[in-house]
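Here come two complexes built around chain A, the first alongside chain B, the second alongside chain C.
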Partner chain A sequence: MSKLKQVLILGGLVRFVIPTVLPQIVSILSSINEISTPVNSFKSLQEAFYYLRHNINLYDGGVNHNPPLLVVLLSLFDDFLPQPLSAIAFNLIYTLIDLYITTILLKLNKWYNEHNSKRLKKELTGFNDDLIASFYLFNPLIILTNLSHSTSVFTFLFITESLNQLLIRKNVWRSMIALGLATYLSFSPVFLVFPILALAKTALFKKDAKEIYFEGGAIFISTLGLLFLCSFATTASFQFLDSCYGTIIMFNKISPNLGLWWYIFTEMFQFFTPFYIGIFNLYSSIFILPLTLRLYEFKTTAPVGDSFLAVVLSYIWISFTKSYPTVGDLAFGLSLLPIFKATVFPYCKFTFIYGLTLLVCLFLSPIFYYCWIVLGNGNSNFFYSINLIWGAVHIFIIMDLLWGKLTYDYIVENKIPEGDREKLRLTQI
Partner chain B sequence: MWNKVLVLLFCAVFAAAGRYYNESLDLKPLPRNKLLASFQFNVESLPFDLKYYDTSAELQGNHHYTYFPRALGPIIESTNTRELHLRFTQGWWDSESWGRLPSSGFQSGGTGVEVSALIEARDVQTAKANWFKLTKTLSGFFCASLNFIDDSITTFPKHAASSQNHTNYSSQPKNKLFFIRAALPSEPICTENLTPFLKLLPTRGKSGVSSLLDGHKVFDSLWHGMSIDVRTDCDSKTCSLKMLQSVNQVVDIIRSKRKKEEGGLPKPTPGNKLRCDDTKTFNAWQCFPLSDPTNLEWSLETIYGRRIIGPAFADDPESTVINVDTEPSTWKVGLSKNRGDVTESYHISGPKKNHISEYLREQVKYDFQFETSNSSVVNPIKAPPLYVTRSLTGYSQDKGGLRVTFTNPSDEETVDFVYFESLPWFMRLYLHTLTVEVKKDGEIISNAIDTSYIKDRFYKPAVDRKRPSHLELSISIPPKSSLTLTYQFDKSLLLYHEYPPDANHGFAIEPAVVTIFDKDGNDIYEARTTSLLLTLPTPDFSMPYNVIILTCTVMSLAFGTIFNLLIKKVITEEEMEEITKSSKINIAVAKIKSRVQQLKALIKPKKE
Partner chain C sequence: MLVIPVVIYILSLLTAIIADPNVVTTDEAETIISESRHTNNWAVLVSTSRFWFNYRHMANVLSLYRTVKRLGIPDSQIILMLSDDIACNARNAFPGTVFNNMDQALDLYGDSIEVDYRGYEVTVENFIRLLTDRWDPDHPRSKRLLTDENSNIFIYLTGHGGNEFLKFQDAEEIGSYDIADAFEQMHEKKRYNEIFFMIDTCQANTMYERFYSPNILAVGSSRLDESSYSHHSDMDIGVAVIDRFTYYTLDFLEKVDKDSKQTMDKLFDVYTYQNVHSNPGIRTDLFKRDVSKVLITDFLGNVQNVVVDDVEKDILYNANHDEKGEVLAQNESKPIVSYSTIQISFDSEDDSHVLTELSPEFQRLAGLLTLLFVLALWLTAKQA
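After this line comes the complex of A and B, so read on.
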């Protein structure tokens, strides 16, 4: 058995066997605020199933924030299978999704190295398949997110599927449909449409740029429109828009999470709240276009820029600024980083520092939360301080990757020989 | 001639008075030296032609209410309220030893204030508008925080609409009747609520049984409830407003006696008055206290500090009645009439007289004396048809659970009831976690969600800040069994300004209502659980400014770093040094330096 197969089987077993043997782990994890939020927890999904079963309007209440089609589709498993079987069916679905994401990551890794080898006219070797697979499958944060049956797993699936369709299958349409689905599920991937369209131009270099952007945009918007209409057809009202997306845009489901914003809105004088809602929304989209443009693979210059990196950086930026972040969001971004092993990664200087910061964050966050909520010997400021550091981890990662990329571009542009790269000291003006 | 007509007219009005007003006081000793006193006041307005008032139409204030309070009538009519139920209750009714609630529980609310109304309106919006108008007016009227009733605590009960079927009023065509309810569980009840209550009575608390009611005494009880029920009663042509006011209370007689003898401040019992158990070690230093004495002598004056001032209306011989429920073998009841300086007393109890009714007819001060050889022997206590307890589970401030246990004490009869619960929006209920467990003689006979126990359910989830959750379960419990419901919820974090001044005290959760129905679907008994105290997660209230500063620092740090990285050009440090050397500032600095050198050179030779 090859190493890759072993990794896949082991990763699959962890995801399937644990919740099957210990069914209560799903409900425990789905109420941990670092792993799932009111917007994507399995608990609220199950409550939505309950509403469906008892003919209660899905969106006439403050618990369910999952889009209607997801609820209706998943409730089929809940309805047609008896109790223990339906839980096992969910375990299986979530396991399969993660395994599928892994296989796509392997393909993306291969594509990235081939693509850049071609551009740089130099053979690049990335990590082996089994390593790339282990980075995703054995990432504890990804495992926890998966075991909690958080619906953000579906978002990860459609984002990777969008990249898969674009880069491997070379199909913009299907890529945009997948991204539309991801947006439909959790709104924030909407910002990825710009970097992914820029990536489409790189991947399908034969096509005309305008055509790609126009078609892609149109397909994306019509997918979303169609999904909304289908949702309207299933629920007979547009109430779901407010419940699923209004909650995300207006930041109104306040519960402690890893994000920067919940505490500011709790503490804010009511008068300023609309202003800060505007600021936060502006902030979450502000670097998407600049990142896309700065890392765009322009034809005219030397082979600098990296549209794929732009997608990943935009994703991490979204994870930093989104309204209901979980550890899974960052973990998914981190799982994409090993793909850059041959290009940007060697020039990242601070991996150790932010790796440690991340660990400290992950250890202290539940402890401080426990002190505040259960023991009552700490207060909310303890947990909030970890939120700030969690934000700082994101800044570190984006900054380091970006600086690594700029260094790498400088080397490529000025054709610095292998030996001088170590001595190279760069700055910006 | 005209004088005679006037006298006749007066006589006619007073003859009719008995129909429009009567009052009663029911006294019932309970075990362990407690007394249940319930005051009932019935008022009825003159028949009038009921109209539906639009918001645009002016209220015509031209009809006469007679004994019905002039203050309440226009409020009720202008909001098209056909029924109004207002309850002020405090304390805990010990149904294990006191049995059924007075009036089958229909006059007792849950802890705090509870208000419900049947409002006639064209649509829900109008009904709600009228409802808020009604509660705001009542708020001013009763000095209660009813003005805090808003959408977030208002519900429209479906099955458990208490006494909804008691009215025979049917709405006009095009209109509907809306039953609306709200409760304020954390509202304290005190004298300022009693004063307007007494002002509603035609006697104004100056005569009749209401002359006993004094805030200090009414609220110094183990459990007390005030209620006001207004109903619209219609025959084919005209309608009249009927109001039933009641005050029910459970008094601790030992406490009342002690306060009467020693005053309000409790003092240590002197040594010679200690009641010690002779069978145990008993000397100057040791005393095993005995329980309360059972041979007592007390009167209404002991409890209320006053006597009843005559009947409510001197000319109506049947306006005021006192009912006493005692066990004749151990209790002797006496009546004393005080005419200025002459006091006349006689016994009114007799052998085998369990129930004594006494009309007050003379314009004297009445007092009832009770003498008992064994106060623990009382008329048999009737057990309530159902016991219910509700409690919070869980220990953290971010989630918890509710556990409700219903017990059917009956040996033969199955009890059918509706459980009504309205929880605030900040408890995010997960009803998919609902579990049901049925026990009989301590053995679990079912733990599945079975339609044979929960017959019907109605659930309306809460909407944040807009609507409470509303759960009604129609349950049936077989004899000698108990049923336990559990379900989980998450607690929301509130906004800074939504927390009350003492946020860590917790939030009162309104009592759940249990309405028991007989086989024909008539409600026969109503009971409430206790209110709950829920603690929510609290932020640090001293932080607003710091949070804004710290969060914005992190945000601008991210913005600044990434912005710099994105827009600046990458060069080596050597190039950077080169560039800085030729920059304008550096040239300027170099010029200044050389000038200073020149000056120094000029100064130095002079010194030498």
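After this line comes the complex of A and C, so read on.
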């Protein structure tokens, strides 16, 4: 059996067997606020199932921030299967989602290497398939997110499917439908529209700009519109908009998580709250377009730029500025990074440093949370300091990858020969 | 002819009483409530002496404070007036404590006592003002006697006294006529239901001789020309720690707890010459109830008489049915009523913005239809 199959089976077994054998691990992990936030926790989903079963308006309680279609469709598994089977069904669903995402990642890896080999006119081989698969399947943060049955896994699925449809199947429309679904499930993928459309333009040479941008944008908006209307039909009210998206945008539920927002809103005077909401939302959106434009693969110049990197870096930026981030968000971004092994990573300078910073964060965050909440001998500042460092890890990754990419672009553009590349000292590109 | 309805009436009363203990007839309820018409209890505990050697007066008052709190009167309804700081007196060998017994078993000072008037705030003027509630508008509520016509008040005074006077702060005195007039003002202003007045000083009985308002039960520790004595001294503290009268009062009250049915006459039986070494007096002529039927907790505790009514307890039933038992319409929202420039609107609790009620089956069906729509969209979005 090939190594890839072994990796896939092992990854699938881990995700299926552990929650089946230890059902309480799901609820333990759902309560850890680095792994699941009120917006994407499995517990709120189960609460929503209960509301649905008892004919209570899903958004009355203020607990449920999942969109109505997700709740309604998943409740079919919950209600029509007797109790132990429904938990196993959910385990199966999450396992299959992760395995599917892995297979797409393998295809993306292959596409990337082929695409850049063609562009740069040299043979690029990235990591092997089984390594790419294990970077995703055995990433402990991804495993934790999956075991906690957080609903952000569905968002990962649809983002990945969007990239799959775009790059492998060369279908912009379906890619936009998938992105619309991802946005419907959680608000933040909406910012990925620009990088993905830019990637569409660079990856699919045959299409012209109008077709891709306008049609793609129109399909995205109409998918969202269709989904909102169907949600309205399902719940007979537009309350879900405030619960699902209003919570994320206006940060209605101020609970401690791994993000940067909550501390500002607990410690700041209320007079400044609207200002900070505006600033944070502006921050989320403002860097996407510059990243996309800087890394765009313009045809007129030498083969510089990397729109796929723009997508990944935009995703990591979104994870940085999200109102309710989890470890899964960064982990998903991290599992996309090995795809760039051949092009960007040789020029990344301090991977070791932010790798260690990431580990330190992961150790200290639960400890400081425990000190603050349970023991009472720490305070929120300890925990928030680790959140700041968590954000710093995102920024390190973006910085390092950007600098590596720009260094590589310089090399390609100025055709620096092999021998001189290590001696290169660039200060301003 | 009249016998039959009377018999039926008596039988129905009997069956009501015997059958279901929860069902109370109106007459029963009235008798229960009329036994003692008070609904709340207050206590005014005053010590009037200064200086270290009057340790026992402070201990008297604090012991009764403790008893009264133990039997349920909350701090918000106790006015504690301590004229001097004994616990933190420089001569106190056990600083921060006040004991009422040689065995030092109980620290009366503790860490949860609330003194309302302390030191030089304990004056005759403040005492009279307290009783009659004639204060400046900015006098704090916690230092006022906020009683009404359903309040039973327990008033305890201790210190040095004499023939129709009680010495305050070694500088002034209050007379028996002053207290009597203050009580009459309280009666006129309907500030008490019943007063239990206890005074432990020398020649204490003279202090209550001048009362003329109704519903006052008064107890004093000694007669005219008699002194009241202290009980014992603590050799380590160096002074007497409790007075005899209060000692025997406490001795009796320590056996009383919140649900006790002990009556006042049992308390008065404790006041013998052998115990207190003086002739305590009890004045009951102004008090219309029989002392043997008055509970201790009527004055020293905070026990309310509760009559349990037979009401539907299920909240969900009450929320969904009206008084006649008919089902209420869901999501009732009442209209806006406009009274000239003021608009009053009563919004129902659950204004859920939902257009119609949808059953879960319909919602699931709608979800599946959406899934089909999206799948159809997906399948038709085939690009060449």
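Following the convention adopted for this analysis, the second predicted complex is superposed on the first by the 428 of 429 C-alpha atoms of A that agree within 3 Å, B and C clash if a C-alpha of one lies under 4 Å from a C-alpha of the other, contacts with A are read in each partner's own complex, and residues count from 1 in each chain.
In this section, a residue touches a chain if its C-beta (ideal position, glycine included) is under 8 Å from a C-beta of that chain, and two chains touch if they have at least 3 such contacts.
Everything numeric here is computed off the predicted structure, so don't read it as measured data.
Because the two structures share chain A, they can be overlaid on it, and in that overlay chain B clashes with chain C. In the superposition on chain A, A:G11 makes contact with neither chain B nor chain C. When the two structures are aligned on the shared chain, A:L424 is found in touch with chain B, with no touch to chain C. Residue contacts after overlaying the shared chain place A:G328 against neither chain B nor chain C. Shared-chain residue A:P189: touches no atom of chain B or chain C.
Chain A has more of its residues touched by B than by the other of chain B and chain C. After overlaying the two complexes on the shared chain, residue contacts for A:D60 are found with chain B and with chain C alike. Of the two partner chains placed by the overlay, only chain C lies in contact with A:C230; chain B stays clear of it.
In the superposition on chain A, contact of A:P256 is made with chain B only, not with chain C.
Residue contacts after overlaying the shared chain place A:L52 against chain C, while chain B stays out of touching range. Look at A:Q239: by the touch rule set out above, it reaches chain C but stays clear of chain B. The clashing stretch of chain B relative to chain C, chosen from 76-84, 202-210 or 382-390, is 202-210 in the chain A superposition.
Chain A residues in contact with chain B (one complex) as well as with chain C (other complex) are 60.
Chain C meets chain A in the complex at residues 350, 352-360, 363-364, 366-371, 373-374, 377-378, 381-383.
Looking at the complex, you find that chain A touches chain C at residues 52-53, 55, 57, 60, 68-69, 72-73, 75-76, 170-174, 177, 181, 219, 223, 226-227, 230-231, 233-239.
Only residues 31, 33, 38, 43-44, 46-47, 49-51, 54, 56, 60-63, 252-256, 260-270, 283, 286-287, 290-291, 294, 320, 372-374, 376, 379-381, 384, 388, 391-392, 394-395, 398-399, 402-403, 406-407, 409-410, 424-429 of chain A touch chain B when the two sit together in their complex.
Only residues 395-399, 425, 428-432, 457, 459-464, 469, 490, 492-497, 537-540, 543-544, 547-548, 550-551, 554-555, 557-559, 561-566, 568-574, 576, 579 of chain B touch chain A when the two sit together in their complex.
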